[in-house]
Amino acid sequence: MEGVENYNGRMNLNFRSDNESPAADAIVAAVVEANSGSAWAYADDTLSQQLDTAFSEVFETETRVLPVSTGTVANSVALAAVTPPWGAVYCQQHAHIYNDEAGAPEFFGNGLRLVTVAGENGRIDATALEHAMKANTGHGVHSYAASAISLTQSTECGTVYTPKQVAALCDMARDRGMATHMDGARFGNAVARLGCSPADTTWRAGIEMLSFGASKNGCMAAEALLLFGRHELRDHAERLRKRSGHLLSKMRYVSAQLLAYLEEDRWLDMAANANRQAATFAAAVESHESAELEFPVEANEVFMRWTAEGFDHLERHGVEFLKWPGRNDLARFVFSHCTRDDQTAALCKALNAR
Amino acid sequence: MEGVENYNGRMNLNFRSDNESPAADAIVAAVVEANSGSAWAYADDTLSQQLDTAFSEVFETETRVLPVSTGTVANSVALAAVTPPWGAVYCQQHAHIYNDEAGAPEFFGNGLRLVTVAGENGRIDATALEHAMKANTGHGVHSYAASAISLTQSTECGTVYTPKQVAALCDMARDRGMATHMDGARFGNAVARLGCSPADTTWRAGIEMLSFGASKNGCMAAEALLLFGRHELRDHAERLRKRSGHLLSKMRYVSAQLLAYLEEDRWLDMAANANRQAATFAAAVESHESAELEFPVEANEVFMRWTAEGFDHLERHGVEFLKWPGRNDLARFVFSHCTRDDQTAALCKALNAR
Amino acid sequence: MEGVENYNGRMNLNFRSDNESPAADAIVAAVVEANSGSAWAYADDTLSQQLDTAFSEVFETETRVLPVSTGTVANSVALAAVTPPWGAVYCQQHAHIYNDEAGAPEFFGNGLRLVTVAGENGRIDATALEHAMKANTGHGVHSYAASAISLTQSTECGTVYTPKQVAALCDMARDRGMATHMDGARFGNAVARLGCSPADTTWRAGIEMLSFGASKNGCMAAEALLLFGRHELRDHAERLRKRSGHLLSKMRYVSAQLLAYLEEDRWLDMAANANRQAATFAAAVESHESAELEFPVEANEVFMRWTAEGFDHLERHGVEFLKWPGRNDLARFVFSHCTRDDQTAALCKALNAR
Amino acid sequence: MEGVENYNGRMNLNFRSDNESPAADAIVAAVVEANSGSAWAYADDTLSQQLDTAFSEVFETETRVLPVSTGTVANSVALAAVTPPWGAVYCQQHAHIYNDEAGAPEFFGNGLRLVTVAGENGRIDATALEHAMKANTGHGVHSYAASAISLTQSTECGTVYTPKQVAALCDMARDRGMATHMDGARFGNAVARLGCSPADTTWRAGIEMLSFGASKNGCMAAEALLLFGRHELRDHAERLRKRSGHLLSKMRYVSAQLLAYLEEDRWLDMAANANRQAATFAAAVESHESAELEFPVEANEVFMRWTAEGFDHLERHGVEFLKWPGRNDLARFVFSHCTRDDQTAALCKALNAR
């Protein structure tokens, strides 16, 4: 699904994850271009120094930017910067920070606690959040202090929060003096879907810190922790980035990717392609006789319920996808910045062959 | 010093650090080549899967390899994997892990302690090590347990341990049941200097874990933690790599660099160039009337004692270098894989002009 | 409820918690007796040296004993000794380690994770445990490793596990190579209820580590971490005890309490009194018109559902108890080693007055 | 040396450490008296609630008091409350926090670093401190931030800082925005020696936090963390106390000790006795032909240099003392609140018999 055929000469039908896609040509070109002459180390190079300005423009507010290599470090640094070791962070039950980061937030946060909150379609339910936060109070030093919330945009279920939904949750958090974070591993897909300004779904809705993902959507290894308003956290965040081994000496190669990613709305165009391919497949699932969508498809992920025989059938046709752990009736298909129409068509055809 | 002229059209005379050099063309080419088609994420791609074999061949023993982006994470994961929170790691007083990593070993190791040991020219002095280890015993649970030693090869002073020197220190550690680690941020420079097998100065001399550096010597951001013999540590190390946010989803780009780096002894050729340029400048310093070498020059770093006026003079001639913190009579000049003869000649000329 | 009238000259009707009771006379006498002459510090005194033997006899197996001052440290040291930072500990949703220890297990365990499991009446439900452990597997280094289970005996709901129930859960854990821990803050109450050997509900049922509580049942501040079988954990546990500031220099005073506590089955007699008083009140609740028991009463705690007006009525009659956080229809009454018949009778009378 | 003869019927001549002495009768009496009726748990009892007032009076300023069981936890909570994980604490090279607490400060402080500073007779040398703090600056996020100093009063060498000496070091720290802590494990001995107000050698000299020791000087297990001025640290400190398992449920027994300790200057009288006995023995050493004092004797500890044969001779006479680790020509003799004249006389006699 990356614009070339796969090793066995057949069409590449890997829909396992967008992080298995290659980087976009423009991103690679930017890296190659950055590889010229000497550059000051540790993010003091001229490319890295442009990040604050570039992101501030895109987000329409003064933004502080820490380039990093993975979303896990962006998330963990953000949460650790606003949460004491005895603080709790509230997140949705499917959140990547809880299920897929091997406890990185707990590690960076010296034993902070993640508290999961229920909600449909990957979104935090406001009532459940209210209940969870209340359950944690009135017990003083014996319990964790409610310190932050973390939303995922687009969600782990492939849905998107509206700016209004984001604002409602952020208001609840801020009323209690808690910090607000957004895990934007697939932030581009969310903004492409919403058609709003990146600001509308972040700081204008009350988000203080954003893990801005780029690796999944066309970069090699480039993410950024963005601080809106709370610039005083920069020192703390930089200390943690260094102390966790994430301050690359040759940061220019990460920053080059990020700058090229933002340039000419490239990030939104790439995300829009991924979303469009997902929508095409979602339509095929909806019109299929036996397959069904598990969640509404609002970004670049399709969760499909089907029979075990159906999934076997797809695999025999060379389709790669993720069978959901613990569920033999559910699978995930992810579409990327470089998924082509003919690849999605081939997938739909394979689906409809049964 | 990176094969091109700098921004002001004058010859690039940046000798601040080898980590300010660009990547070698062959390394960049390997990254570009890796950017084709989909690849399984999280180091399950075909390039990453070749690392064990490639390094085992170079090191003439079964080796387990964890690719990472920085030397700090390689060092920290290694030390944390063999040291309990109440364990002490002994290192030379100038060691990078003690002075320049913001406490990353303490962070990954949950509060382990680094104990510095004196020694000339960047090497750990055996008698001082013996003394330090003894001072730490006989006090049971009240004190830290002696858990590991960490040597730096080449050292922070630009010198090199002989295999015999490495073996003597490792023997002392192993006699006490301690683990042995080598910080090889500039390992290529050491091997190029020694002219020995990489095995001779590592596992054959008693080293169990090596932080194999490549970023400083021609790569963009590529390091590897190598485990010799103690393969049982792999699971622990992989857990820490993930938990610290260092398991890149698109690891293929790191692994591509490492494979190209080893190929055709490219790493040793690049290191040899850096060493040769350093030797040229060292000779100029030695024959200079007032400048002096602070340490023997055995790899790619030259520490020069001179007058403040002398250093000002060099800066006026466009030379960039590192004035040593807290010393106004000392500066460091580092030579890289792509420093050219004419750049070194220009440096020597500037020196001799005073 | 401590054998004396309270400050206002009325009968003391404090049923808030057994940890608000005074120490038994025999315990205080033992402390006074221990205060004679010099004694080697840090648990090398002659009293502390008797603990292994004394507990081994009571538990009918070779037992290693670490005296400490609080149950929180016993629990945390135990769990941290068997769980890596990336390991998960499974406990019941009401567990003290999850809800009331401010994250001490996460602190001692360097960011380990507690996973709560549902179950009725304070016990872990076997099916829910199976489900929770399964949900955590198949994701390799991305998720926490299932490392240990922790049962509470008697439970937070005032019920008791039978030896068979303990064994069933331990078997499930040990089949997966997990460690087993019991939080015995009210262990005496459980054994007094079961009428079995202390061994039957611990190591014979598969428990490897027990936090043996004594403070709530007649001591001043004395708990012990007991290791059955897994004596190799002693060094690790002792390191953690010291490193967390819990190795008292004058440990003799803690050990004196523990020895006196075990002597002549004093601990079981005291627990039996507490249980008996609770049973008396439980019977009163059961025969009451509007009040109801929330959980079966099997140890020394009674959870009573009633009206807000009912609870106000009790308070006006000088009764002290714990209104359950977040529930205005629930309150807890705890009976202690020194609750007298007339105090319980007064409580019942107050209840029945409405 | 505790007012009674030892097990073998001979005079007790244990001078190993003051923490091997029993508690004073008045302290034990206070504990017994506290054991009456119920008391609210977790330091909400009436005795614990008197601590702020009692200490504020003694220290002549509004003081916030956290009772705890060990000096290690008082030290660690204090340092962790003012030092980020990437912060450094400067202490004297013999400091207990560095050498004898198994890394508790690093544990509570999530990997903070202790930096040792040289100095004669157990005191921090101002010039060495200046040098150490400078060596740590100018390297930004790559190095630890200078966060706090910790002085020991009386020192590990049995000497005492004058208020002026304390003030000079605190001024240096506060000029850099660093916090100031005093480890007062033997604070009573220092104040008894100085004859000044407790305020003079603490907050009036710039100390913000004091670990106030009582266990070594007549209590069973009672210490207190005192906050002068920086009352905003109380919440942080209380969180850490709970999270580390040090919030005793029956805190009344600790608080009872502390209140009785302060009452009628009992603490100073007891310390004065210990100091006086030490002075007597010091005079004997000074007038001895071959034995010598290693440090000036200003509190209750005597460090004596002598021959190995001399030390053997003392041991044969039933004297117990601490042979210094790694030194066979040095031993420590500690005198306590209950060392009697005849015991010290017997020690002097044994010394002079050779």
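Letters A, B, C and D mark the chains in the order given here, with residues in each chain numbered from 1 onward.
Basically, a residue touches a chain if its C-beta (ideal position, glycine included) is under 8 Å from a C-beta of that chain, and two chains touch if they have at least 3 such contacts.
On a predicted model such as this, the values are computed, not experimentally measured, just so you know.
Looking at which of B-C and C-D shares more C-beta pairs in contact, the answer is the pair C-D.
Each chain gets a centre from the mean of its Cα atoms; the one farthest from the centre of chain C is B.
If you average the Cα atoms of chain C and of chain D, the two centres end up 34 Å apart.
The geometric centre of chain B is 43 Å away from that of chain D, both derived from CA atoms. Taking each chain's centre as the mean of its C-alpha atoms, chain B lies 52 Å from chain C. Annotation for chain A: residues 85-86, 101-103, 107, 110, 141-142, 239, 242-243, 247 touch two or more other chains. On the chain D side of its complex with chain C, the touching residues are 1-2, 4-7, 12, 14, 16-17, 19-23, 28, 31-32, 35-41, 68-70, 72-73, 76, 101-104, 107-108, 215-216, 220-221, 239, 242-250, 253-254.
Residues 42, 84-86, 110, 141-142, 145, 236, 238-243, 247 of chain D touch chain A in their complex. Against chain C, the residues of chain A that register as touching in their complex are 85-86, 99-103, 106-107, 109-113, 134-135, 138-139, 141-144, 325-326.
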